[in-house]
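Please go over the structures that come below.
There are two complexes below, and they share chain A, which is joined by chain B in the first and by chain C in the second.
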Partner chain A sequence: MRVHKERFSAPEYLLFTAVTFGIFCFCVCTGSVSIPLKDTLSLIRDAVCGVIGSWIDHTESVLPEGTTASILLAVRLPRVLCTALTGAALSLAGAAMQGLLKNPLADGSTLGVSSGAALGAVCAIAFGITFPALPFAGTMVTAVLFAFLSLLLILGLAYRLDHSLSTDTIILIGVVFSMFVSSLMSIVITFAADRVQHITFWTMGSLQGKGYPDVLVLLGALVFFGGVIFLHSRELNAFAMGEENAGHIGVNVRRVRLVLLIAVSGLIGVCVSVGGTIGFVGLVTPHMLRMLTGPNHRRLLPASLFGGACFLMLADLAARTLLNPRELNVGIVTSLAGAVVFILIFYRARRRG
Partner chain B sequence: MREMLEVKALSVRLGQKQILEDLSFSVGEGEWLMIAGPNGAGKSTAVRAMTRGVDYKGTVLFQGQDIRRKKSVELARCIGVLAQSNPVSYSFSVEEVVSLGRYSHAPGLFPFFRRGTAEQKPDAPEASQNSDRDMVEYALELTGMTRQRGQSVLTLSGGELQRTFLAQALAQDPRLLVLDEPTNHLDLLYQKQVFELIGEWLKTPGRAVISVTHDLSLAKAYGTGVLLLDHGRKAALGKAEEVLTPQVLERVYRMDVYGWMRKMLSQWAEET
Partner chain C sequence: MKISVKRTRTLAALLAAAMLLAFTACGTENKETESSPITVTDMMGREITLEKPAERIVALTPSDCEILYAIGAGDALVGRGTYCDYPAEVADVPEVGSGSDTNIEQILALEPQVLLMSTMSQTEEQAKQLEDAGVRVVISDAQDIEGVYTAIEMIGALMGKDEEAAALVQSMKTAFAELEEKAEPDGSKTIYFEVSPLEYGLWAAGKNTFMDEVANMLGLKNCFDDLDGWASVSEEQVLERNPDYILTITMYYGEGPLPEEEIMARPGWENVTAVKNGAILNLQNNELSRPAPRLVDGARMLYDFVYGEE
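Take a look at the complex of A and B:
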């Protein structure tokens, strides 16, 4: 029996960072046009120096020019950054939900929370919902709100039907809820087809054509909501051992659960409003990593952060290169992998009884 | 003798059903109260009310303070609970489960803000790493789980799992230990061991135990007091020899308990 330490050591973190950075560089270099690693790094360095220099001198920023530079800096770099951040955020949200509900199959996509968020985003675009204080954030706020309401609705129903929140109950409610919400979404899109992106964007997700503002938004959400989740790793351990037991050892069950549900909705809502619903990321990565790190969230959460980023970057690479020059939606790739892992987990859980 | 827990006019209603009605009792320092009664008498609900696991009417005082006024961590430092069953679904190690019993003694997210209140309370956490380690070791040893400390809880037997969570409750270092059928999954040897280790734990001053049990002979052997419940009401309360009389038991269990036990024992006697 392998005994895990309570936390990762510094060398282990270095290893994670190195692997993630390696995959990041690989994904930035590879595509319909291959760019050598040396050129990539020097272009990024020039761009970063240019931007920082212009901040210091208060002049117009001088960016590298040329086709390669524009492909890399304007298209590929922001896309890969978005992918990494989305993957990290979704995987963290999945790990948190699996701990909170003590169920390894809980995830934004299996519970239908992502679909709820997508419905929110679609409604905001179709009906032109904006918030006076946050003119650009209407879609995002609505998506987060809908994600939170979906979570409340699904868990409320699940608790009422079956207090122990068994896998079957959660999955059934999640599936039915997803289907219901997807039909609502189709109705809304039918009426506002001129404004809303094609339905496959919302159901299968895509990070095509994402820019630096999206990177900033994702980074902000990840730092804030992800930080909240990280601060609650002990409580997540307690929930993963059982909610009743968590109360007995002194966890303020109601408050912590509410805080974590808000954080999870925040992450999923922001990710969905940027890239549509990319399914199963939060299911696959924490599950794989739990086998390596054990279920202790002090190890699982950081591992999920890096693992999620790597997984989605590779999935997105596959989506944009496998059928070159055509491009797949990244959600198709993740769902292909996710469905297999889902069956594996379900099968194991069933055999254990 | 100091009162540890006082329950006054406790009533619990779940939906349409009145589970507990007007229940009052108290437990003093050094006492071990056994709660017994037929299935559905409200024993487990009474336990859950003592730890705020269920909404109730009436008052529950811990050392004179209303438990509703206490923060979750404060309450956990006073009362430790072993639930009837603890289904597990992730492969935490035994040691991880037991260590989490120290949750309420951890300095928390904002130790700076906590410090101010902690100094005023007599039950303040001595938040040092050493005492955490020592308590975990002590709890593992007392429950005989030291050897299995690295084992995954998914691979434990029912009895080992029960002892792991008992160790968690002991690591919590509570003043009052509340056990809901602690010997539920245990074979005879461990039943004896668990009751004896709890008796040992109780010898330190300032501690008390409440346990729910179906086993009347264990209740008589180890309990300093017995509370018999029937249909959510108090049927009898007092010293074991006063409560566990043939008349009272026949009234509560609607059968001749003494006669039945005697018959069971005589079968053993015949064989030896």
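Take a look at the complex of A and C:
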């Protein structure tokens, strides 16, 4: 039995950051259009100098111009940033949900929370729910709300049917709920037949065309909701020993559960409304990392944050470049990689057990 | 007596009139049997024989509906697929679903002699089910403009409108030839056909599409002609290939920016020649994506857009 330390040390954090940053740089330097590394570096240097210069002089920022600059700075960089943040957020949400339900198979996609969030966004599109002050806020607010309602419904059912929350129950409820949501989605589409195309494309989701506003939104959600989850790592550890035991050592089970559910819904809802439903990220990364970090959430949560970012950045890199000049949907890549990895883990665990 | 004579005369006159009617009726009947039976080879190479031109027809693909109306056979259309939306009066025809949601029972209830469908959205099982129930299934499957002519002539033959169909094909050929003649390409201009906007992931029309065919006709180079059919493409590639013109077929739902404005506002696209020059055209009524007579309208609009209206 390996003994894990309570939390990561500073050098370990430094290593994670270095690896993630390395992958980030690699993803920014590689793409459908190949840009020489020298140009990439000089473009980024010029852009950074331009922005900093404008801060110092309080003038209009001077950014590099030209097609290469647009490709790198306006298309690729925000996309890679969005991908990293989405990956981190989904992975963190997955890890938190697994801790909360004491079940390694719990995830936004397996439980149907992502589908629920997508349904919310589709409703916003179909019935024209918008908030004029904020662009795309309509879909985002409804996505978060529906993600939360889905979680409440799923958990309510799960607790009622099987208080021990066994794997079978969780998976079954997830399957049933996903089917339920997909039929609701069909009904919504029937009522909004003129927007079928809009809705169908939307449910497929895409990380294409993401800009810096999306980066800020994702970053905000990750800092806020992610922060809430991090602050509850100790409680999550307590949940792992059973809710009753958690109560005995002074955890306010109901309140903590509600707070965590809201945080998880917030993360999933925002991610879905920005990039559509991307499956398996929240399932596979925490699962793989748990083998390295052990079950302690003080180690698992930060590891999931970095791991999720790396996993999704690499998956999106494959989606962007494998079939060049065509592009794959990133969800296809994560599901392919995720399913394979997942079965491998499952198989090994079964054999060992 | 006088009265009886009068009576006989009236009777004779009536008889004569009745016989005359009967003969004329016979005459028209004869004429009909003379012109039939009709044998049509559909676009899957199957031979379909009808005793007489179809009087009740169901068409599942939007393009076939358009062709029926264009050759003046719209009255015979008794059922239509879900997405048939042109011309406007097609909306009054009962809808029978399409694709996997095709309502076979409803089609049979309409008692059509012929059902027009394409291979793309319908299945062989559906075709077999309908054939077993006595409906003749005719496949129209135009892949290029030449194929559209074939489809028009085939549908014309089915409906007994051969002349109208031939005239329509001729007018399309003339119109295309005129446009091709008038176009004065310098051979260097490229066009990018956007089938799905950035928000949902870009899709472009590549080679072997109607858009590509029309672009070549007008002397434009499709900048994604290295891809086959419609394909999801990388945003970076569009910027790199730097098209001179952009044609988008995105639908506008009456809220938010227009599709052209949305493209103009995309970050990073400001260096694309088409965006710099505001050379973006939005054709949102499927003019260039359906194998139908309106391809001519689409080609005209693209011509006017590129070379200026006369």
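Methods note: the second predicted complex is superposed on the first by the 310 of 353 C-alpha atoms of A that agree within 3 Å, B and C clash if a C-alpha of one lies under 4 Å from a C-alpha of the other, contacts with A are read in each partner's own complex, and residues count from 1 in each chain.
Just so we're on the same page, contacts are C-beta pairs under 8 Å (C-beta built on N, C-alpha and C of every residue); 3 or more make two chains touch, one makes a residue touch a chain.
Values in this document were obtained by computation on a predicted structure and should not be read as measured data.
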Next item on the list: Based on the superposed arrangement around chain A, label chain B with chain C as either clash or fit.
Entry: fit
Next item on the list: Please state, to the nearest 10 degrees, the angle that the Cα centres of chain B and chain C subtend at the Cα centre of chain A after superposition.
Entry: 140
Margin query: Quick check on the superposed pair: does A:Glu12 touch chain B, chain C, both, or neither? Answer first, second, both or neither.
Written below: neither
Check: First (chain B), second (chain C), both or neither: which does A:His248 touch?
Finding: first
Next item on the list: State whether A:Arg195 touches chain B only (first), chain C only (second), both chains, or neither.
Entry: second
Check: Just chain B (first), just chain C (second), both, or neither: which does A:Asp39 touch?
Finding: neither
Margin query: Can you report the least C-alpha distance between chain B and chain C in the superposed arrangement, rounded to whole Å?
Written below: 40
Note to self: Can you give me the overlap between the chain B contact set and the chain C contact set on chain A?
What the structure shows: none
Item checked: chain A partner contacts - residues on chain C that touch it in the complex -> 196, 198-202, 224, 226-227, 231-237, 239-240, 242, 251, 253, 255, 266-272
Note to self: Going by the contact rule set out above, which residues of chain A touch chain C in the complex?
What the structure shows: 31-33, 65-67, 69-71, 73-76, 78, 128, 130, 194-195, 197-198, 201-202, 204, 206, 208-209, 211-212, 320, 324-329
Margin query: Going by the contact rule set out above, which residues of chain B touch chain A in the complex?
Written below: 51-53, 71-77, 80-81, 83, 86-93, 95-97, 100-101, 103-104, 106, 109, 150-152, 154, 165, 168-169, 172
Note to self: So in the complex, the part of chain A that touches chain B is made up of which residues?
What the structure shows: 1, 3-4, 102-104, 164, 231, 234, 237-238, 240-242, 244-245, 247-253, 290, 294-296, 349, 352
